[in-house]
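My questions will all concern the structure given below.
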Amino acid sequence: MAHHEFSPTTYYNTMGTHPPALHIEPGDSVSTTAVDARGFDHENVERAGRPNPQTGPIYVNGAEAGDTLVLQLHAVVPNRRMGWTTGRLAPNVLDFGYEANFSDEVELAWWDVDVEAGTVTLTEPQNRLTGQPLPLKPMLGTVGVAPDIGEAISTMTSAAHGGNMDYIGIKPGVTVYLPVFADGGLFFLGDGHALQGDGEMDGTGVEISMDVRFSLDLIKGKTIGWPRAEDDTYLMACGNHRPLDQAVQHATTEMVSWLETDYGLTTREAHMLLGRFVEYDVGNMFDPAYTMVCKVKKAVLAELGFAPSDG
Amino acid sequence: MAHHEFSPTTYYNTMGTHPPALHIEPGDSVSTTAVDARGFDHENVERAGRPNPQTGPIYVNGAEAGDTLVLQLHAVVPNRRMGWTTGRLAPNVLDFGYEANFSDEVELAWWDVDVEAGTVTLTEPQNRLTGQPLPLKPMLGTVGVAPDIGEAISTMTSAAHGGNMDYIGIKPGVTVYLPVFADGGLFFLGDGHALQGDGEMDGTGVEISMDVRFSLDLIKGKTIGWPRAEDDTYLMACGNHRPLDQAVQHATTEMVSWLETDYGLTTREAHMLLGRFVEYDVGNMFDPAYTMVCKVKKAVLAELGFAPSDG
Amino acid sequence: MAHHEFSPTTYYNTMGTHPPALHIEPGDSVSTTAVDARGFDHENVERAGRPNPQTGPIYVNGAEAGDTLVLQLHAVVPNRRMGWTTGRLAPNVLDFGYEANFSDEVELAWWDVDVEAGTVTLTEPQNRLTGQPLPLKPMLGTVGVAPDIGEAISTMTSAAHGGNMDYIGIKPGVTVYLPVFADGGLFFLGDGHALQGDGEMDGTGVEISMDVRFSLDLIKGKTIGWPRAEDDTYLMACGNHRPLDQAVQHATTEMVSWLETDYGLTTREAHMLLGRFVEYDVGNMFDPAYTMVCKVKKAVLAELGFAPSDG
Amino acid sequence: MAHHEFSPTTYYNTMGTHPPALHIEPGDSVSTTAVDARGFDHENVERAGRPNPQTGPIYVNGAEAGDTLVLQLHAVVPNRRMGWTTGRLAPNVLDFGYEANFSDEVELAWWDVDVEAGTVTLTEPQNRLTGQPLPLKPMLGTVGVAPDIGEAISTMTSAAHGGNMDYIGIKPGVTVYLPVFADGGLFFLGDGHALQGDGEMDGTGVEISMDVRFSLDLIKGKTIGWPRAEDDTYLMACGNHRPLDQAVQHATTEMVSWLETDYGLTTREAHMLLGRFVEYDVGNMFDPAYTMVCKVKKAVLAELGFAPSDG
C-alpha cells in the first residue's frame, strides 16, 4: 500500500486511453491536485484548456476490462481562495420561453473560499448574497475511467465510464465503484466544486482548484454496468443520459442488479424493497448527458437482514 | 373557523368542475375519509370505481380564478389494517429491454398496517421481506383542484391543478398551495399511501383508505403557476409533465417566481441562490405526467436575510 | 344515410361528455362550420373563447365504449379570406438558449386565403414572403371524441381520444378511426388550417374558419388504442405524448396491432415489415402533448399479399 | 481532381483523430469499400470488430477546424449477395411493457441482395415475407469526421460530427456537409444498408458490405453546427441527441441558421417560411443518440426568390 505524491503536468479534456501519467498497485493511495474547470491552478495560473481538464490517467496495475475499480476519496480541499460561478440558471432547466429579467450583467461571479473557516462567500457581483458566508462543501464534478472500445469522451459529459456527473455525493468519505474497460482502468479526476446545488443548475459549482487525496483498489472479475458509490448511509447507483427519465432507468436497473448480486436479494425482493424505500438524487442537469442517482439506505438493508456477500 | 365532519357518498375519477359535495368558509377545517386507489373503504367495501376515486369536491366560499387555495394537512391516518401494492417496478423506470426474472407470480402484495405500532408489514407473498415491520409513513397521493377552462383531468395523472403527484412530501404537517381556476376552487383528495419510496416506482404506495383532517384557506388575488408546498424545513415547488426534464423546468421556474414574489429576491439573487442550494425530489414516475419537486431550505433563506413578504 | 346541415351555436374548449349538439345515425353525413382557433367565424365575428373552440359534439346513435368511430372527411374549405399565424417558431423547437434576432416586431401575421385560386398569401408584416401566393392546403388541427372515464381534455392538447394533433394528414379524402369511450362517441372538430408545415412549429397553421363536410360511421365491437387514419396511399397510426420518443412508442405499437388484427400479419411479420418500410411524420410539436404518426404504404402491404380482413 | 482507389486495411469503431489511411486534395474522388456492421467484407470474411467498423479516416489536405467538408456520394453498391437484419423492433420504439408474442425464434434474418435486379429478398426465417423481392435502396448508416477536442466517439452513436445517423437520405446523389474539427477533417464511412425503414427501428438496415464512390471537397472558413445535406429536392439539417425533441431543436436551429447565412433570409423570414413549409424525417431511433432531420424543399425557396449566396 504505497502512497504516491503526484504532480500532474499534462491534462486531458477527454476521458480515453491516454498515456498513463502514473502507475500504481491496487490499494495504493495518491495525493495530487486538480485544476479548475477552465484549467487554472492553485496560483490561478492557466495550466490547461477547457472543458474540465483532468488529472490522470492513473494506471492501476492488473486492472482489465470486466473488473471494477474502487475509488476511496479521502480528501478534497480547495487550494486557493478564489472560486467562480455563472450568475444564472441554465436555459434547459427553466420553462421554454422563460426570459430572465436581470437588472445587472454578470459574466462570472467570484467567491472567496476559506478552508479554515469552512466558508464560501460571494465577492462579486454586489447583491444581497454578497459578503455572506455559506458553508464549504467540497466535491469533485468529474471522476471516471477510460470508456469502452477506445472511445475518448468529452469531460463535459458523462456515460457508463463516469465523467462529468456533478453529483454532490462525490465528496470526501465516499467510495466510488467504476467499471473497467481498458487495461489499467485509467482513472481521471477533476472539476472541483466548493459549493453546488443539486444538478449544477447554473452550470458551475463554485469552480476551484483542489488538493485531492484518494486510494484506488481493484475487484478482479467483478463487472458493473454503471458507476456505483456508497458512504456510511447510502448505496448509490448512477445513470447518465438524456432525458432524465432514461438516466433513472439506467440507475434503477443498476441498483436492482446491485441488490441481487451483492446483497443476495431475489428479483422480487429487490423490486419490492425499492418500491418502498428507493430515493433519487439529481446529478448534473447541464451537460449533454444528465445524471440521476438511485439510492437505498444501508440501514434499511441491514434491518431486513440483507448483508453484502463479502461482508 | 368551523369544523366539518364530512362523509363522502360520491367519488370522482377526474378532477373537474363537479357538483360540490361540501361548502365551507376559508379557514374552516374538515374531517373526512378517502377510499383507496381502487375504491375500497375502511371496511374493505368497494364504494367507487378506478382510478384513484376522490373525496370532494369541496367548495371554498369566495374562491375565484386567480386566487390561491391553502391546504393545511393535519392528519392522514389509515383506517383499516390491510394495504396493497404491486410486486414489481414499472417498465418505464427500468432499462429498455429489461426482463425481470421473478421466481414467483404476484398479482398484488398485501401488507398489514398497524397505526398504533406505526408499522407496515408484508403478509403476502412470502419472501424475506414478509413479516418484517417497516415504518408507517402516511401520505396522500392526490390533492388538487378543478383545472382551468373546464377540463376534467384523470386522477391517474397530474398537471398545474395538482392531481396524482404521489409526492412523499404531501404528509401531515405540510401546507400546500394550489392555484384556483374555478369558482370555489373545488378541492379533491385521495389515494392514501402507508409507505412509498420516491417516485412510486412500483405504481403503488401501500394503498389504503384513510381518515383525513385538514383545513382550507384562501389567499385572494394571489396567482401561482404550479402547486407549491412548505413544511418546517423546505419550500417546495411542483412541476408535472413528461419527460422529467420538463417537470424540472416547471418546478424550477415556479421556485424562481416564488422567491422573487414572496421573498423579494431579485431575479439575479434567485438564480444565484438556487445555483448553490437547490434540491430536487422525484414525485410520481408512473403516470402519464411525472412529478419533480424543486426545494429550498427555509433556513438558507432566513440566514441570508430573506423573509416572506407577509411574515 | 341522411345528410345533416348543422349550424353550431355552442362551442367547447375541451373534448368531454358535453351535451350532444346533433344526433345522427351511423353512415350519415354532416355539413357544418368551424370557427378559427380564437373563436372567430366566417364573418370574423367572435363566437367562442379560446383555445381551439370545437364544433360538436355529435352523438352517433349506437356508439358505445369499445367501438370505433369512422370519420370520412369530404371537404374542408376556408369560408373567409383572412387567416393568421404567429411570426416565429416556438421556443421548444429551437436550441435551449436560442435568441431570435428579429428586426421587426410581429404579434400576428395576416394571410389572404383565396379558395378559388387555391392560394395563401402573406399580407402583413412586410418582408420578402409578403404578396407571394403559396399553395392552399386546408386541414383540421383537431378531430376527436369524448375521452375515457369522463375526462374533459383541453383542445390545446391531444391523447388517445384524438384532439389537437395538428397533423397535415387530416385533410379532405382521409378516413380517421377514433376509439369510442362514451355513449354516442361524441365527435368534435375544429382548428382549421389553410397551410401548415410539419409539427405546427410556429403554433399556427394559417388559422381560419372552415366549412366542413364529412360522414361518421361505426364499427361495432372493434377496439383500437389510438387514432388511426388511412388515405389512398398510407395507413397512419397516431401517438400523442411527450417526449416525441413516447409518441413514437404509442404510434408504432398501434401500427403493429393494426397490421396483426386487420391485415393478419403475425407479430414477426409485422416487426419485420416495419423494419424495412416504416415511415414517420411529425404532428403537433407545440402542445403539452406532441404527435407522431407511424405510416406504412398500402401498396407495400398489397404487393406482399396482405389484405385487410374485411376487404 | 485525382481519383483514388483505396483498399482499407484498418477499421475503426470510433470516429476520432486516428492516423489517416489516405491523404487527398480537396475535390478528389475516392473508390473504396465498407465492411458490414459486424465487420464482414464482400467475401463474408470477418475483417474488423464491432460496432460499425469504419473505412478511413481520409485526410483532406488543407482542412482545418472551422471549415466545412463537402461529401458528394456518387455510388453505394452492395458487393455481396447476403445481408442480415434482426427480426424485431427495438424495445425503445414500442410501448413500455409491450411484450412481443413471437411464434418463432429469430436471432438474425438473412436476405438475398441482387444488385442487377435491384431487389432485397428475405431467405430466412420462413414466413410470408420470405421469397418476395423488395426494392433495393442502398445507403450509408454512418458518415462523419473526427469530433472536436479530440473526442473519439463510438460508431454506435452520433453527434455534431455525424456518425451513426442511419438516415435514408444518405444515399447516392446526396451532398453532405460536415463540420471540420480536426486537421484534415478525417472522414469516415461505413454501415451500409440495402433497405431500411425510417429510424432503423429494428436496429438494422439489411446490413451488407458495399462498394462506395464519392468525392470530398472543402469550403474554407465556413463553419456549420450540425451535419447538413442536400439533394435535388431538399435542404436537410441533422440533429443528433435524445430525446427526439432535442434532436428536433438542433436540426431546426441549424436550418434557421442555414437559411439566414446561405440563402440570405432574415430571421423573421426564416421563421415564417419554416412555419409554413418545414418537414421532418426520423433518422436513427436505436442508438444512444437519436437523429431528426429538418427539411425544406429547394423549390419553395426558389419560387420565393431565395437563392444560395454562392449560386
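Per-chain residue numbering starts at 1, and chain names A, B, C and D are given in the order in which the chains are listed.
Everything below uses one rule, namely that a contact is a pair of C-beta atoms (placed from the backbone, for glycine too) under 8 Å apart; a residue touches a chain by one contact, two chains touch by 3 or more.
No experiment lies behind these values; they were computed from the predicted model shown.
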item: Duplicate of the A-D contact set - from B-C, A-B or B-D, the pair where over half of the pairs recur; value: B-C
item: Same-site or different-site touching of chain A by its copy chain B, using the half cut; value: same
item: Centroid distance [mean C-alpha coordinates] between chain C and chain A, Å; value: 47
item: Approximate Å spacing (C-alpha centroids) for the pair chain C, chain D; value: 32
item: For chain D, residues contacting two or more additional chains; value: 92, 96, 242-243
item: Footprint of chain D on chain A - complex, ascending; value: 13-14, 16, 51, 148-154, 241-243, 246, 288
item: Residue ranges of chain D in contact with chain B within the complex; value: 90-92, 96-97, 243
item: Contact footprint of chain A on chain B as seen in their complex; value: 85-89, 92-96, 98, 100-104, 106, 109, 120, 122, 125, 127-129, 132, 134, 195-199, 201-202, 204, 206, 242-245, 248-250, 252-253, 256, 265-269, 271-282, 285, 290, 303-306
